[in-house]
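Okay, structure first, notes after.
Naming follows writing order (A, B, C, D, E and F), and every chain is counted from residue 1.
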Amino acid sequence: MDARVKRTGGLIWPEEGVSSAVPYGVFTEQAVYDEEQARIYRGPTWNFIGLAAEVPNPGDFKTTYVGDTPVVMTRDDTGAIHAWVNRCAHRGALVCRELRGNNAAGTYTCVYHQWSFDAAGDLVGVPFRRGLGGKGGYPADFDLKAHGLRKLRVEDYHGVVFATFDANMPGVQDYLGAGGAMDAHLQRIFKDREIEVIGHARQYIPSNWKFYAENTKDPYHASLLHLFHMTFGLYRSSQVGGVKITNGWHTVLFSRSGTDSEAALADTKQSQLRTYQADTYTLDDPSLLRGRQGEWDDDVTLVIMSLMPSLVIQQIQNTLAVRQILPKGRDAFELVWTYFGYKTDDEELRNIRLKQINLIGPAGLISMEDGESSVICQQAVVRDQNDWSCIEMGGRDVQDADHLVTETTIRAFWDHYRALMGY
Amino acid sequence: MDARVKRTGGLIWPEEGVSSAVPYGVFTEQAVYDEEQARIYRGPTWNFIGLAAEVPNPGDFKTTYVGDTPVVMTRDDTGAIHAWVNRCAHRGALVCRELRGNNAAGTYTCVYHQWSFDAAGDLVGVPFRRGLGGKGGYPADFDLKAHGLRKLRVEDYHGVVFATFDANMPGVQDYLGAGGAMDAHLQRIFKDREIEVIGHARQYIPSNWKFYAENTKDPYHASLLHLFHMTFGLYRSSQVGGVKITNGWHTVLFSRSGTDSEAALADTKQSQLRTYQADTYTLDDPSLLRGRQGEWDDDVTLVIMSLMPSLVIQQIQNTLAVRQILPKGRDAFELVWTYFGYKTDDEELRNIRLKQINLIGPAGLISMEDGESSVICQQAVVRDQNDWSCIEMGGRDVQDADHLVTETTIRAFWDHYRALMGY
Amino acid sequence: MDARVKRTGGLIWPEEGVSSAVPYGVFTEQAVYDEEQARIYRGPTWNFIGLAAEVPNPGDFKTTYVGDTPVVMTRDDTGAIHAWVNRCAHRGALVCRELRGNNAAGTYTCVYHQWSFDAAGDLVGVPFRRGLGGKGGYPADFDLKAHGLRKLRVEDYHGVVFATFDANMPGVQDYLGAGGAMDAHLQRIFKDREIEVIGHARQYIPSNWKFYAENTKDPYHASLLHLFHMTFGLYRSSQVGGVKITNGWHTVLFSRSGTDSEAALADTKQSQLRTYQADTYTLDDPSLLRGRQGEWDDDVTLVIMSLMPSLVIQQIQNTLAVRQILPKGRDAFELVWTYFGYKTDDEELRNIRLKQINLIGPAGLISMEDGESSVICQQAVVRDQNDWSCIEMGGRDVQDADHLVTETTIRAFWDHYRALMGY
Amino acid sequence: MSTAVATAPVTTTRQEVEDLIHAYVQCIDDDRLEEWPDFFTDDCVYRVVPRENADAGLPVAVMYCDSKGMLRDRIVALRKANIYAPHFYRHLVSNTRVLGEQGGVIRAQTNYGVFQTLLDGETRVYNTGKYVDQIVRVNGQLRFKEKVCVFDTYRIQTLMVTPI
Amino acid sequence: MSTAVATAPVTTTRQEVEDLIHAYVQCIDDDRLEEWPDFFTDDCVYRVVPRENADAGLPVAVMYCDSKGMLRDRIVALRKANIYAPHFYRHLVSNTRVLGEQGGVIRAQTNYGVFQTLLDGETRVYNTGKYVDQIVRVNGQLRFKEKVCVFDTYRIQTLMVTPI
Amino acid sequence: MSTAVATAPVTTTRQEVEDLIHAYVQCIDDDRLEEWPDFFTDDCVYRVVPRENADAGLPVAVMYCDSKGMLRDRIVALRKANIYAPHFYRHLVSNTRVLGEQGGVIRAQTNYGVFQTLLDGETRVYNTGKYVDQIVRVNGQLRFKEKVCVFDTYRIQTLMVTPI
């Protein structure tokens, strides 16, 4: 391929339009990381900040991040959800210092000098504004309105809450592709369903966030890294499934257990893979895999929605979770899991969801391996910033597929990434 | 306001002369930090390195820093105090490797090749200079005088010892403003008094040193962050007090307990502040606050002297301490407390000083909160290097005040900082 | 001296050809570190990667580094040794994830998507290459040969294995100087001897790797830092010994116990050194020093071979070890000790070797001090990147010496370093 | 034992519980994981719960096994199935306290710290927390009927595969 | 207890002191700080001393309370007055040693490590040191007459608010 | 002691071994290193072994002394000869287990963590591992006949001079 030098980080990329290779420096250079914060996380993107169910009541709040900028998500007493940068307009202190809580008063008071803001981020009070006993105080022209917190635009889409720094963004539904696969699958899980958060989990992974982005968009690895997927057929490349791409870089990956085509399964067996031990590997207590069948009538048993840049929504058997991806520098990211069920769950189903977390989470018999794969990539690319990866499974183009033997979804990601970054 | 771009760190500052706003990048950029080391800590400033009482005897030494450069303070057998960079002139090893001690021999011998230096930093011995058995050794023209340690100029001002890298500095008294408020208050504590060091404490604070500089110059926060100050009237913005500025950026902040003006106190009560609970909040054992009255006849119960760039001297009730500020990178500093009393203290007074450390120190019921406020500012300004803080309490100008409802002292700091840094 | 500015790190060096001084910034600047990785570790150098005895059998492998690039050393079933960069050609994961082991299958399979490579680093298998059930798979023109691992050239020189990124390097023997002192001393230890690895030890030292390079080339410090050397005469500058330089920067330092010349010893005693307490300092159990005499007929009791950039080979009394120097950033390196003996050792001799590790290793009564000296140099040179060290012992030139009162070997190192780095 | 029991029942019991926990911990640290399930009853419950959830009253655990079989499956997976960085644990346990005994079930609480070493040879604070145990006697041997590990370190470094 | 005491006094006593210290530590780690003062006598002395001062013979402590009231005031301030980052402690204590007993005062020494977790969910070595205790019996219960925490970690991370 | 021994031999013995190890550790942490050799028999063996070697069956230890004299020499060197950064240790030990007793030799195993503080006042995890001890009685006192410290932290920070 031809190649063209790009300024940031001095990286050399394949020619325009070729997304089947990426220079490893994209995972290591500080300049690239900083530019991502500006062009992606604060650029024309909608970033997941939480579930509406995390702040059910007026006064509820939650602290989180957009990229690596600390933000707070609040619900005011009218029920509206707001988000603002968690930095006081006075001299820069964090205004909100807990993970989550309820703020009955409805005002957020900075501890440093007690400037107070309402749920929307507007400045509502300033101590000693007119001085004390006629001395000191703020200038006569001091205007509260001019000193609010930096606000983000917020949209609550079927209970999934997004925020953006970009005033000119279209709505969330347009962003993820109205009526497209992502929209349909998101609605399949959330639309008109009352959800209940059942817990959280956090992993701090010493790897660039984009290695994990590749991982969650990668149907190729799922059979080959995860023995539990392959051996127990929770996911197999030989199953009926596929990938769908919407608005450039959002991707949906889905499959149906027990639908392996004879031919594909035969090919799989031939490959003699470490991860395929269907005949020999068994569980002492199979209750782990005995989920509830047909919770959805489409028999889809696995869906991974990668909604760039910061959200993964999953249904794997009966486990439901959102995963928030928080970059923590060029070589680390945090993965925040929020598990949920439906208010309508019976006790047995709720227990099934809790049990299946043994498969999918920081200690998940499947998903732990995605953390590890991200780490070993970061460790291996310390030098050779201009060596390229090879992303050619399933061809070199970008298009939906009705099978799982492809990396087209990863190519889609890099394609769009380059456009946003100007590479 | 207009704004002008400045090269270092690409920061945008308010127009010349406006100090009521600062771009947050000044707290985050490595380039700014490195330039501070050159232009401030090694520039036209006097840096606190210790109390003369820390090295009372000939041969005593103490290792410390000027900015982030390791230096050693020594007392020679004539009683003179010296300071030199703690880096061997041979191949760069630390010459002095303990916190403090006494060097009876009077020579400082580098462990690596045993070059030895006297208390003044001059090279006095080199092993094998003429070789062994006629072989090897240093060249004939090797000159001991050419290989001394890098010396700093030192001045012991009433027992407070300062050092500078700048050969052309005026004396310490001129530096802090001869006859000005700083000079007067320093002498009030130290002049003709024999002091006794009673102990040390250290805090490592993940925050830029300038957030702490702002904090120690900030009469506004003291009532609003510190419940103990406000509720027990150790300090209240409603008290008789004020701020004085000398030579640009040195500041003195003082107040008198129990002098609250009716009007000011009424205004305070109206403000409904978290920190003011005079009627409801009491101590089970008030002995903590029962200090000795009138130790000084001016009835000043609180003085905070901020002597830039690296020293805070305090009298709060009967606690006496110097705080040395040691920058440890763009996002951390160490705060070294040295507590002292007077040789003339009776046992009761000495015990009062020890007890009041519960108020002022790393675990101080008041001062712990200054560490916290510095940290939450650093955590909040990770991005938006070119957003500005708002430093307008008490107006936008720089001048002494006879009250405590102002940030004029902080504006003074930034004014002078910009001049030194060429911003 | 004149001085000339050099671009990288903005360092100012002495004029061309003068190696008796070095700007301290060479130990602190990131730009210098990165350039070293390119110009030295991946440049025209042979880097030690292990002993052939560490991978005695076909299928054996060991993971290590060249500079800070992870590499794997393997032995194939023909007995040949290979080395390749430990980064999968697919999407960059570490291929080999253990310290060492045996790979019976002979193929190295990446865990991420199970691409498999042979011991030589060639790609031999790719799952789902032709897709599954006719769907997906790699493009028809996908060529396994084009996706091998990045290989290094390898040479096993008398059981000491070296690798290079530079295709045009002459052989190892030419690199270290055929027939020269280094070659002779290396052969003295390894040629026609069957060695046996008896264990490993690792130190992580917060210091730039070049401070340790200076240390291992420094006959001057050995008497002055190490009391055990000097007091017990394991090494003394007054002994018969010398230094030899080959191909610019490789150096051999050797001495013979008990050969101190009267004159030199007299001079030593006069110097009144901390490290010389021959008359007063004794051991309670001298068995530590009671090695086996005359293991080599040349009576050389100490040899330190510094084979740049990454290897030290030592014989001290009867301890035999190789030390691998692994840079871990501008301010840290790891020192990996591999101790060995000969297959022919009797039990007593083997026990002597094990016992003498009390002298030489991470807890070595002598060598621990080399770790410490490296650290205190790094701590002292935080600023003053353009101050210079003084490397003038034994003159200012570079040449072999028949004595140990010199730093000529260190000058040789810097001379060659500057040539490689273009300074 | 009667005498000892009579003279100092609590002391003795703390001793026994400590012996159980020490054996449990050593088994993990010595990498004899195949023996690990035998410290539990057949119908045991084993949960590893982030303090974040415990404090909020949320049920999610990162590991949740409700049978000895599931414990065995965890170990088999760790040995044969899972991909993770090789490592070892070092447990330090302290202040075991017996909180009570009822119907043959002893309730006890113990602080623990797990220090993890990866192949780089560096040791890090990996996980601290407390064991909240329900212990019963099975043929004279103490066994965990329920073991809940509530861990402070709810930001897990990379992943968790080895039991706590 | 007489028998037990007769047969192995030291053992028994170490047991008791450990029980006291374990209860003390658990009280802090479980955030039941309101109960913390009750481990002390009314006229207690509680000092938290940097090793830097202890070794130099200097009297400064970062916390110094000479009455149970002052201990209570510390807790009330922590709950209602002070501003600091939310966090929790995990104590590991070890090798409690009874050094002697005189006039009803037991002198004991114990190593401790405090591991702190902030809201980011990371656990760090916050403070290590030793307890030097003087313990007395108050209506049959052991209580601290004097507790001195000499801590190694004299570079305190940010601040100290929760007792050690 | 007979009664106690009779009633609960193991418990008693664990007590005694713990007392020995606690005294040993305190001696190091209190910097009374001159007394350290006295915890050993004259013909003792003391080895500090990286887990990397122990697991591979390789004999290299970073410290290896086969007499009390060598232990003394280590301390004299540390005091008078060696150059290293001033520091102090804090040991936390836990789950001491008595593995058996034969011919008067008690075999015991204990987990330990050593937390090191340099003059900067920061405390770091320096070394974790386990003690594998052989203990005998010398005039009624327990002494180490052999002490092997197998340490996990085989990447040693800078150097090791103070015994573990």
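Please note the rule applied: a contact is a pair of C-beta atoms (placed from the backbone, for glycine too) under 8 Å apart; a residue touches a chain by one contact, two chains touch by 3 or more.
Values in this document were obtained by computation on a predicted structure and should not be read as measured data.
Hopping across touching chains, the smallest step count from chain C to chain E is 2.
A centroid comparison over C-alpha atoms places B as the chain most distant from chain D.
When chain centres are set by their Cα atoms, the one at the greatest distance from chain C is E. Although chain D and chain E share one sequence, what matters here is the overlap of their interface residues, and that overlap falls short of half of the numbers used.
Chain A and chain C have centres, each the mean of its CA atoms, that are 45 Å apart.
For this pair, chain A with chain D, the centres built from the Cα atoms lie 32 Å apart.
Mean C-alpha positions place chain A and chain F at a centre distance of 49 Å. In chain F, the residues touching two or more other chains are 3-4, 50, 52, 83, 85, 92-94, 113, 121-122, 125, 154-155. For chain C, residues that reach two or more other chains under the stated contact definition are 97, 99, 111, 202, 204, 225, 369, 372-373, 376.
Here the chains touching each other pair up as A-B, A-C, A-D, A-E, B-C, B-E, B-F, C-D, C-F, D-E, D-F, E-F. Touching chain B in their complex are the following residues of chain C: 24, 27, 214, 220-221, 224-225, 237-238, 261-264, 267-268, 271, 273-275, 369, 372-373, 376-377, 379-384, 387, 389-396, 401-406.
Within the complex, the chain C residues that touch chain A are 37, 42, 67-70, 85-94, 97, 109, 111-114, 127-128, 130-139, 142, 147, 150. Chain F meets chain D in the complex at residues 3-4, 6-8, 10-11, 14, 50-52, 92-97, 109, 111, 113, 125, 127-130, 152-155. Residue ranges of chain F in contact with chain C, taken from their complex: 48, 50, 52-53, 56, 58-67, 69-70, 72-74, 76-77, 80-85, 154-161. Contact residues of chain E toward chain A in the complex are 83, 85-86, 119, 121-122.
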